[in-house]
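Chain nomenclature is as follows: A, B, C and D, assigned in order of appearance, with residue numbering initiated at 1 for each chain independently.
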Amino acid sequence: MLGFLKGLSVTMGQLPKKKVTLQYPEVMPELPDRFRGVHRFIPDLCIVCNQCARICPTDCITLSGTRDENRKMHIDTFDINFEICILCDLCVEVCPTDAILMSDTFELAVESRDHLKLDMQWLTESEEEYEEKYPDRVPSLDAVLGEDGAEVTE
Amino acid sequence: MPALWLWQHGPVTWPHVLVMILGAIVTLAVTLGVVTYTIYAERKVIGWMQGRIGPNRVGPFGLLQSFADIFKLLIKEDIVPEKADRSLFLLAPIIAFVPSFMTLAVIPFTMRHIFTADFGVGLLYYLALSAITIHGVMLGGWASNNKYALIGGMRSAAQMLSYEVPLGMSLVGVALMSGSLNLNHIVLAQSRTVWYVVPQIVGFCVFLVAATAELNRTPFDLPEAESELVAGYHVEYTGFRFAFFMLTEYVYVFAMGCLAATLFLGGWSGPFLPGWLWFAIKVFAFIFFQFWLRATMPRIRVDQLMSFSWKVLLPIAMLNLVGTAIVTTLW
Amino acid sequence: MTEDRTQKTESSPPSSEAAVMPPAAPGMTGPPDAASAASTAGSTASADAAPEKASSAKTSAATSPSPAKAAPPKKAPPPPNPWVEAAKAKAEELAQALASQLPNGWLEEVGAVHHQPMLRVRKQHFPAVFRAAHALPSWELDYLVCYTATDYKEHLEVVAYVESTKFGHMVCIKTRTEREAASVPSIVSVHPGANWEEREMFDLFGIEFTGHPDLRRIMMWDEYVGHPLRKDFVDPSLTEEVNRDGADS
Amino acid sequence: MALIPNGTDREPMRSEKGSAAAQNSAPAAQGHAPMPYGGPAVDDIRMEEMLLNVGPQHPSTHGVLRLLVRARGETIVEADPVIGYLHRGTEKLAENLQYTQIIPYTDRLDYLASMINNYALCHTVETAIDLEVPERAEHLRVLVMEMQRIASHLLFIGAYLLDLGAMSPFLYAFQERERIVQLFNRICGARLTYNYMRIGGVKYDAPEGWLDDVRDFVPWMKGKLEMYDRLITGNEIFLNRVRGIGVFDTKTALAYGISGVNLRSTGMRWDLRRNRPYSIYDRFEFDIPVGQHGDCFDRYYLHLLEMEQSLRIIEQVLAQMPDGPVLGKVPKIIRVPAGEYYCGVEGARGELGFYIVADGKDKPYRLKIRKPSFVNLQLLPELLRGQSLSNLIAILGAVDIVLGEVDA
C-alpha cells in the first residue's frame, strides 16, 4: 500500500518547484551559436563553386553566377527551396568561404508554399538580421572581405 | 424576511414559489461558476505538479480560460454522425446532464440551507438521481454508432453500477450513526459530536475510492481512457453536447465533494469561520485530492476495476456496515 | 513491494562475459596475430578488400567449394587478409559440417563477406540449410540478424546473416534467384522473425517466398504496382510533371 | 463485455469488408480460449466479433501504426499490425546519395535516438574502408550515444506511463530529456536531427564548458532516476497492469529476432556493446541488467536500470576524455571498396544494423537497415492474442517502437 503514497508525495513535492515553461512567443529560447536554423547568405563571399548544391542531399539549392572582368565569379541567383530542405548543415560544412551559414531562425511556418522558396535577397536579409542580433558572433564583414580581397589581388 | 427563507416549513405561497425559483437559479449559477473554476483549478494544479504553469493566456492568470473554452464549445458546429441513432444521440447529453444538477437540490450548503431542499430522504435522492446519469452516458456511447464510444459506454455502465453498490454501503454507515437520511440532520449530528470521518474512517476510505470511480476520474477513468478508447463514450460529440458531458462530469465532482463534506467532514460546521466557507474549504479539499490523484496515478485495468469493486471494496464496506450497526446498537 | 523482483544485474569487468559469449566479435576469432588489436569490430584489419568482391563478382555456379577460385586478382595481388582467410576457413568448416545433412548440390559457393564466413546455397535448399545450421551442434545458428535482398541486375540475391548466440559465430548465407518470377522458399518455418522481412522483400523486390504464411505487401499499399528497390524501377510520380525546383539547374 | 445490438441495417460492430488477415485466420478464432481473467467462457454469452481499427490516428500507437484488432467483447482474438504509413524509402533514397549525405537521413529513422543511428552508419562505412577514428572522436561519440540512450529511454518511460494513464511522468521525462537535448543543441546545433557524426569522426568538438555541463548532468540525472523509481515503480495500479503481461521467453525472442531491452527482459544477457564490441565500449565498466520474467514490468524496469548504466559509462568517458582531433584523415570523397558489409550496434531499441553493398563508387549500391523496431514489432500479434483490449496498450507500449524506424 506504500507504493502509490510515495508517488503521491513525488507529485506533491513538485507543486512548489520552479516551473520550466518557456513563454515562447514572448520569451525566445536561448539558442547556441551552432544552432541550425534557416540559412543566411553572404553574396560577397560566394565564389560560385557549386559545392553546396552538390552536397545537398535533397537538391534544394540552386545557384548561378557569372564571371566578371577580373575573372572572378559573382553570384547572381541563389535559391533554397525550403519545402525540401532538411537543415542538415552539409552545405555550410562544405562551403570554402563560409558564404552560406545558418541563422537562429527556426520559425518556418508560412501561409503559402511560395514563401518557402527563399531567394538570395531573403537570405541576405537573414544575414543582416543575424549580424544585428549577435554582433559578437559574426566577424565583421569588412575584415573578412579585406582579407579575401587582399588574397585575390595577390 | 427570515420567514421568507424558511419556506420549507410553511405552506406554499406565491412568494415561496418565487423564492424557490430564485433559489434554483442562484444554485445553478453558483454551481456553474464553481464548475468553471474547478476546471481552471484542475488545469492549474496539475500543471504545477508537472512543472508547468497551466493556462495563462485568457484574462489575468488565465482566469477566463474556461469561459473561453465554453464559449468555443457553444459556437461550434453541432455534428451528428450520419449513422448515429439521431434522437438518442441528441437526447443522451440531456439525460446525463439534468440529474447532475438535480442532485444539488439537497446539498446543505450552509446551516440555513438557503435555496436547497430540506429533504427527508436526501441521501437516497442523491444516489437515485446520480444513477440516472449512467443511462445518458451509456445511450450516448451506443447511439454514436462508434466502436470506441460503445466500449466506453459499456465500460462506464459496468463501472458505475459496480461502484454504486460500495458507495451506497459506505453511506449507510453514516446514516446508521446519525439515524437520519436527511443531509442537514447528518451535519447537525456531526456538529454535536464528531465528524464522521473519525468513527467511519473505513467507510470514508471506501467512499473515497468509490466516489472517484463514480466520477470516472483517474485512476478509474476507463470510460474515457484516452490512450485506449480515444475519448470513450463522447468521442463523436462536438460543440455544446460535448460541453454538456463535460459539465456533467464536473458538476458531479462538485456534488460528490459536497456529499463527502456533508457526510464525513461535518458539512458547514466548524469553528471561527462562517459555515459556507467551511463547506467550501472541505469541498475544495476533496476536489484537490481528485486533482492530486489524477497527477499521480496510472489507469487501472477494466477487469481489475471490476474485481476490485466486488472482491475488495464491497466486502470492506459490508464489514464496516456490520461493525457500525453492532457498535451503534450497543452504544 | 518491488524488492522481491529486483533484477539480476551482473557486475563484470569488460571482456569477462564468457558465460554467455566469447568476448571477441564473431568472425574475428581466427587469426591470433591480430586478435590483440581487435578493439573495434574489423576496423583494425589491413586495408585490402579485394577478396570480398568474390560473392558479387562471380556468377559461375561453382558446385564444389573452392576458395581458391574466390578472388581472381586483376592487379598485383595484395597480401591475403588474415581476417578474410580465417572467415573462409570457417565457412569451409561449416560447409563440411552441414554437408552430411543436405542433399548433393546444395552448395554453390563458399567464401567470405568482409571478414564473415559466407555460404551461397541453391535456393531449393535455402530453408533446409537454415534448419540444419540451427540444429548443428557446436554451431547452433539460432539468431537471424539481418535478412535482405539485393538486385544485381542479372539476378536477385537474398542474404541472411545468422548468428549463434551461444558460440558467437556469425555466418552469411545467400541464395540467388532469377529476376523474372523471382521466388525463394521461405525460411519462416525456421526463423519466425523472417516473416516481415520476407514480406518486405516481396513488396520491394518482388520475390515470391514460397511457403510463407502471409505474403502480402507491407510497406506499400496493396494496389501498388512495381517493386521500388529493384534497380530498374522508375517512380511513376517522377515521370509526371513534378513541381520541384532545384532538381538541376 | 459488449453486447452487440441486433438488427440488419445498423450493426456498428461489423466492418464492411473484413481485412485479408481477418479472413485468413477465421478458423483460428472459432474455439477461442476463455477470457484470461477468469470471466465466463466466451461462448456462454451471445457475442459477435468486432473489427476494431486501432490507429493510424490513435493516441497510443506512437505514431502511425495501425492495428486491425478482431475482438470478442474486450478480448482480442487477433491483431494485425498494418505499417507503412511513414514509409519514405530511405533505403532507395540512399542508393542515390553519397555516404555523407545519408547521415542526415539516418537521423530520421529512429528519431528518438538519432545519434546512435548516425553512429551505426558511420561505423559501418568506417569498417568497410578501414578508417581509423581519432580517440577524442570515439569518446565524444560514446558520450553522446549514451546520453541519447538516456534521452530515448526517458521518453519510453514517459510515453509508456502516458499510455497507462499516468500523465505526469511524461512531462517529467520531457523536462529531463530537455536538458540532454539542450546539451546536444550546443554541441551540434540541432535538437532532434543531430547529423553530428561524420565518417571518420564527429563534426564538432565539444564547445567550451560543455563537458563540465555533462559532468553536472550525471549526478542530477541520478537523482531524477530515483524520483522515477519512487513515482512509478512502487505504484500498485501500475504493477498490476504490467506484471505478468505480455510475457515471452528467450526462445521465442530469439526465434523472432528480438533484440534490445525486449530480449534482455527474458533473462538473456545480450548486449552488442559486449557481445560484438564496437567503438571503445570494451574499455568501460558497465553491467547488462536483465529481467527475469519477460513481462512488461521487466521491460519498464530495465529501461530505468539501463539509464543508470549509461550514466556510469558517461562518467567513465568523461574521466578519460583525451585531447586531439575529432575528425580522422578522411578522403574528400568516400569510396567504399566493392563488397558487402554488415555492422550492428546496440541501439536504444535493439540491434541497429546497416548492411551496405558497395560497388567501389561513392554511393552505396544497396543499403539495408536492420531496424530493431521493425523486427520487434513482429512479435506483437503473438503477444496480443487472447489479451484484453486494455492490455493492448500496455503490451504495445512496452515493445517500444518508433514508427519512423519501423516504416523507414
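For this structure, a couple of remarks:
Methods note: a residue touches a chain if its C-beta (ideal position, glycine included) is under 8 Å from a C-beta of that chain, and two chains touch if they have at least 3 such contacts.
Note that the structure is predicted; figures quoted are calculated from it, not measured.
Within the contact network of the assembly, the step distance from subunit B to subunit C comes to 2. Closest chain to the protein centre (all Cα atoms averaged), using per-chain Cα means: D. By number of C-beta pairs in contact, B-D leads when A-D and B-D are compared.
If you average the CA atoms of subunit A and of subunit C, the two centres end up 42 Å from each other. One inter-chain figure worth recording: subunit A and subunit D are separated by 31 Å, centre to centre, where each centre is the mean of the chain's CA atoms.
With centres taken as mean Cα positions, subunit D sits 42 Å from subunit B.
Annotation: 55 Å between the Cα-based centres of subunit A and subunit B. Each of residues 49-52, 295-297 in subunit B touches at least two other chains.
Among the residues of subunit A, those touching two or more other chains are numbered 2-4, 7, 10-11, 14, 20. With touch defined as above, residues shared between interfaces to two or more other chains in subunit C number as follows: 1-2. On subunit A, the positions that touch subunit D within their shared complex are 1-4, 6-7, 9-11, 14, 20, 31-32, 34-36, 55-57, 86-90, 93, 102. Considering their complex, residues 46, 49-52, 83, 85, 142, 145-148, 150-151, 154, 158, 218-219, 221-222, 225-228, 230, 294-304, 307 of subunit B touch subunit D.
Taken in their complex, subunit B has these residues touching subunit A: 45, 47-53, 56, 292-293, 295-297. Those residues of subunit D lying in contact with subunit A across their complex are 97-98, 100-105, 107-108, 168, 172, 175, 178, 185-190, 193, 195, 203-204, 207, 227, 230-237, 239.
By the touch criterion stated above, subunit D contacts subunit B in their complex at residues 1-3, 5, 10, 12-13, 35, 37, 39, 50, 52-53, 58-60, 74, 161-168, 171-172, 175, 231, 235, 237-238, 240-241, 388-394.
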